[in-house]
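You will see subunit A twice below: alongside subunit B first, and alongside subunit C after that.
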Partner chain A sequence: MKALNILCRKKEYQNKRTWLQKLKDQKYLYVMSLPFVLMVFVFSYIPIWGWSIAFQDYKLGLPFWEQSWVGFKHFITMFQDDKFYTALANTFGMSMMGLLLGFTIPIIFAILINELRHKLFKQTVQTISYLPHFVSWVVVAGIVYKMLSTDSGPINQLIQLFGGEPVQFMAKPELFWGIVVLSDLWKEMGWNTIIFLAAVTAIDPALYEAAKIDGAGRFRRIWHVTLPGISNVIIVLLVLSIGNLMSIGFEKQFQLQNNVVAEKAMVLDLYALVFGIGNRKFGFGAAIGVAKSVLSLILLFTANALFKKQTGKSVM
Partner chain B sequence: MMEPVIKIKGTSGERIFDIVNNIIMTLILIITLYPFLNVLALSFNSSMDSVKGGITIFPRVFTLDNYITIIKFGNIPRAFMISVLRTFFGTTTSLIACSMVAYALSRKNFSFRKILSPFLAITLYVSGGLIPVFLLIRDIKLMNNFLVYILPPMVNAFYIFMIRTYMDNLPEELFESAKMDGANDFAIFYKIMMPLCKPVLATIALFIAVAQWNTWFDTYIYCGSKPELSTLQYELMKILQNAQLTAGDAAVYANQAMAIQTVTPDSIKMAITIITITPILVVYPFLQGYFVEGMTLGAVKG
Partner chain C sequence: MRKSLFKNVNRAVRIVYLMALLPFALFLSCGESVSTGDVTFNVFFSDTNADWNNMKDEVGVYLEEKTGVTVAAEFPVGELSQKISLIIASGEYPDMIMPKGDAGALVEAGAMIDLEPLIEKHAPNIKKVMGNQFDRLRYSLNDPKIYFIPTIEYVGQIEFDMDAFFKLQLRALKEAGYPKVVTLKDYESVIEQYVNKHPVNENGQPAIGLSLLADDWRFVISTTNPAFFAAGYSDDGEWGIDPVSYEAKPHYFRPEEREYFRWLNHMNHKGLLDPESFIQKYDQYIAKIASGRVVGVVDAWWEIQDAVNALKAEGKFEQTYGRFGAVIKEGIKPAWNTPTGFRGGWGIGITTACKDPVRAIKFLDYLSSDEGQVLINWGIEGKHYNVVDGKRVIPEDVAAMKYNDQSTFKKTTGIGNYFMSVRYGDGVKDPGGNYYTTKFPDSILDEYSSADKEALKAYGVNFWGDLLPPASEFEPKPWAAFWSIPVPQDKAEMNDFWNLEQAVVKKYLPKAIMGAPSDFDASYDAMLAELDKEVGHLYESATELVKDRLKLWGYIK
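Take a look at the complex of A and B:
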């Protein structure tokens, strides 16, 4: 019994030694990673804990345990607020339109780029079409206002050239969604082709040769070889985009909006920004954030489940 | 006999396809470039002349007055400096931080690795959202502080995983022999790993730098009440948004400018837009390849 005890002690000691030894061996790795892990904890994990604010009447300056808990009060107020439904409709409206255009057009554009024969022209198209991606939304909004302005904006000049009346594009609420989506398309269309182009170049050239020998023309080769070749990438990206339908951000809406169209620009994030931070209703703002995250997760899991049912694979 | 006929038919169809395709592409190029060139031309055109309209891609009455007005009267030069500083420090610190963590993750013997990987991955999918982050920044006294531009975006899980994937594909023997020679992990990281990772580091440095240069939201929400910390994007935003509603800052500029020259808010806006995008336009053509490489790398592995 005693011997066993000593043996155990010895083993424990050895374990401890190797553990210490290991720590010593890896001390540089710890020094190189732990400070930054701490930063991730502070800037990413503490805000997740901040979701609890959604269930409090949060008051600035009070410590956590002195905040008063209100249960689902903020959620109930939110669901009774007409503005919430406007924000929900705006978010979904713009993101669905964005998905429809922002997803299909880059695919078509990528295929057309791939079909270009002149190498230098192909490179020029790629270089230039990626460019707007690197320009901020502040600048893009300024450019959009300039292009659509009624005094000497090129679009209105074109309209007048063909005998039309100039249109006050930025002062028409019913046009706002379209303007946001088209501006986004202008900015990101080229950049979004990259992934599809990479997938296209991975297709075995022998398939094209075979199709050619079988007498397939340009369109039929695109339809029967290129599209099936990139269908996997398309589906994965589609599922991920559906998961991101709620998270379209607010940058473009914020930058492009003005007082006249504000009603159509208010997406969920802007709603949270205006009421949460602007009006200092922090608990209410956090509740909007929580509702948004929950909706996003539901969308993502639904899309993923549908995908799994179809293909037997999971995106996540 | 039949074959050549089919072939001719095929090529004429192909030729039409090529022509149409080239026309579409040319149109896309025009739609992409024209707005930039138009703004550029307006920024170099005399204000009084621009009002008449009709400027396309060349200035009609060339002038530097719009730029001179901005440099003389505005807080634009200071905002430009802040933008340069945040881009420089933001990029260097973030790059160092991300590559150090990536190095630790890529060491197979690192005990902490199994926990660290999911710990970072979770941040890719779950985030606290606007309000909790705002309150956190407020609580840790980063409001109206230059560090708010640097610290919160510094450690980025996505970039860490990109660098780690690149490191994992390097031959392990390189580091084992260095270890035999008694080099410690930091020396291996600094002397061997960093030089080998140049391509991926360049790509990520560019991504971070562009994000730092282009962002306006952190200035707007955290430093809005401290003009000394204002950035170029934020100044541009204020001028654009004010002028869209009534006459705001841009009119102030213009009024100040009246003393020596007549400059309209519109021309001022164009000139600031050009100042804001020039750094990107200058580096972009040379570095485009890196961006694309990084994009596909991230897409395939992420």
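Take a look at the complex of A and C:
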């Protein structure tokens, strides 16, 4: 018994020692990472304190201890509001569609660009494709409206050229998600391609040569060398973007919406903006934010667990 | 030796004496005494003003000399209510602030000081301008203090030329032979005749019969407000108020208004309504009107002003608009000119951060004095106007700049930059028999084009506004206008109204109007049911809001 005790202590001591030893060995690394840890703490953890507002009838200008606490009142109102579920459906709908298109197409595009031989042409294509990323959504929304207008919009002119009837694209609620996702794709495709292209260039050229000698054609090489080579990057990005499913922002919906399609445009952030902050109900707005964060976390952990099970790899 | 000792003692005594007095003096200066030197006030303006010139303009320099007050202006970047929220959250208030509709939040945060004692003591001119409507400055029934001096509303304003929203292109009127436009049917037939005759315009673009605007808040201006005007009511924002019981309900519940929207549905069914009415953005709308293709517009002049100015600049005067107060059916009196009295409303307040409120109120009082009002409206005598035969006249070169290059005019002269206190409106004359403002019948006629004048001659009137029944035919609304009632803390739930209600109306109304005529009633009923569900709990608060104002103003007990 005593021996065991001593053994335990000794092990503890050793553990402690090695831990201290490690700390000492890696002290520069720790010091170097400290600013970033601090940054994450300051900007991502301290603001969680603000969640307390979700449980208050928050009034501006009053100190914290004078705010009135209301428990789960805001959450109850939120869960009883039909608009919350509409917003939830819209957020999910648009982000799932966005994930499907916005994820596969940049990969395909990256691979296609990678296959291009002519260097100047390759670079030109790449630059042109990511330029829209720098255009503000206000401008993009204007372009989309002009393009889709029945009043001399190019797309309707094209339809009429082929003998079709002009379509009021922006007045069809059922098309709104698609319009948002497609304009987002146009804007961000090139930008999202960059990271995959970088991953592709990191693949060892010897693999391609070996595949070539083995008689693999272009598509075989893409399938057996390029894709497996970037699969790690794909999985990490996919899991992370699933965690971001709920935070698709509201800029594009806000800019592209009009009264006819407003119901399909109301995403969670817009809901919080209009009915929370817009009504000066900061508590209610915060409650929506809390619900959104919790949902995001659930999604992220589920996605990660699924991938871990499937591939044995994990992001966290 | 003796003498010098005495001298020293004397000095010591004097110092002690002075030191004894010092706290007393300090105490005095903390009280009511007014500083006389130059002072700078930080003033937050509700609207950005690109022509603000840091008081380096001519009127500004004069004001600085006269009052010793320098105004350091601050303007909102982005949305006003967010900026006000930020100011409150930071607790760093300017000396004076104009929060427009967000006054309630500032009052609630305890940031505003009660101006009544200051006005009583130091502001005879503000009292004089307000006259017997002084009580209309009070904030609310439960908090009847005075926090704001109105800056947006004028006192005693006479509308020489009321702007009715139902607008028709002058060339369409001319072709139709300047017919009487009394009902929506008359309005429609002018549009229909013109569109049938000229399906495409001179540039080959298809004509648009009637275009509406529904972009964001502009939805209420062009799409929904015309409904109560066509039904013979006046503007109470989104509410309809029973003049006897003061019961408030969203105005869409009035049966006559349903007929207005049915007419829009009918216009759409006939193909006369622009199919893009509910989806176009403001800039698209303005571009369409500026192209001269839109025959009918239902909107305020200030909303289509840019487009009309563009048409005027190109000399296409016959493509600008005549204005009518069309009604749903004969016998309804269009109530555009309903008198409201002074509406109180949005203004400037002094915050708790202001170190010298007395000086601040004196400055505002100067702007409200006869001299001050002439200064901010007309400018400096000899420079911006001359007195000829006892009348103020603007010299030609100044007038040319005033009408053709408004921005430079405002920047250099400063006229229009200092509307910071309560003042008289158009049509009020000073003791010398001159108008306080530069807008009066003759000056309005100067702005009419030849095409306007031709049409007005055919109608036998001087102004478009003359086609409407005059103010004398209406009973004044004792509550002024619903939209001008500030929402006090004890009615905070009313702050939810706008967003909740707009969400419902914007969702159902376009569907009802763009749908088949046979579906109209079902869609409209669905909207009313949804309104009851979403904002029904606020009708009572709204009614109380009206009654509280009437009590505050002494109309009912």
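The definition used in the following text is that the second predicted complex is superposed on the first by the 261 of 316 C-alpha atoms of A that agree within 3 Å, B and C clash if a C-alpha of one lies under 4 Å from a C-alpha of the other, contacts with A are read in each partner's own complex, and residues count from 1 in each chain.
FYI, a contact is a pair of C-beta atoms (placed from the backbone, for glycine too) under 8 Å apart; a residue touches a chain by one contact, two chains touch by 3 or more.
Values in this document were obtained by computation on a predicted structure and should not be read as measured data.
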Quick check on the superposed pair: does A:151 touch subunit B, subunit C, both, or neither? Answer first, second, both or neither. both
Which of the two partners, first being subunit B and second being subunit C, lies in contact with A:298: first, second, both, or neither? neither
So, A:259: does it touch subunit B (first), subunit C (second), both, or neither? both
Using the touch definition from the top, say if A:278 reaches subunit B (first), subunit C (second), both or neither. second
Going by the contact rule set out at the top, does A:142 touch subunit B (first), subunit C (second), both, or neither? both
Once the shared chain is lined up, is A:59 touching subunit B (first), subunit C (second), both, or neither of them? second
Just subunit B (first), just subunit C (second), both, or neither: which does A:168 touch? second
Could you figure out whether subunit B or subunit C reaches more residues of subunit A? B
Touch test for A:44: subunit B only (first), subunit C only (second), both, or neither? first
Based on the A-chain superposition described above, do subunit B and subunit C contact any of the same residues on subunit A, and if so which? 60, 142, 145, 151-152, 170, 258-259, 277
Can you tell me which positions in subunit A touch subunit B when the two form their complex? 22-23, 25-26, 28-33, 36-37, 39-40, 42-51, 53, 58, 60, 109, 112-113, 115-117, 121, 124-125, 127-132, 134-139, 141-143, 145-147, 151-152, 154, 157, 170, 186, 189-191, 194-195, 198, 215, 217-219, 251, 255, 258-259, 269, 272-273, 276-277, 282, 285-286, 289-290, 292-293
Residues of subunit C touching subunit A in the complex: 81-82, 85, 88-89, 91, 105, 108-111, 205, 214-215, 219, 275-276, 278-281, 283-284, 288, 495-496, 499-500, 503, 506-507, 509-511, 514
Subunit B residues touching subunit A in their complex are 6, 10, 13-14, 17-18, 21-22, 24-25, 28-29, 31-36, 38-39, 42, 50, 53-56, 97-98, 100-101, 103-105, 107, 109-112, 116, 119-120, 123, 126-136, 138, 140, 151-152, 154-155, 157, 184-186, 189, 210, 213-217, 221, 233, 236-237, 240-241, 244-245, 269-270, 273, 276-277, 280-281, 284-285, 288, 291-292, 295-296, 299-300
Give every residue of subunit A touching subunit C within the complex, in rising order. 59-62, 83, 142, 145, 149-152, 168, 170-171, 258-263, 274-275, 277-281
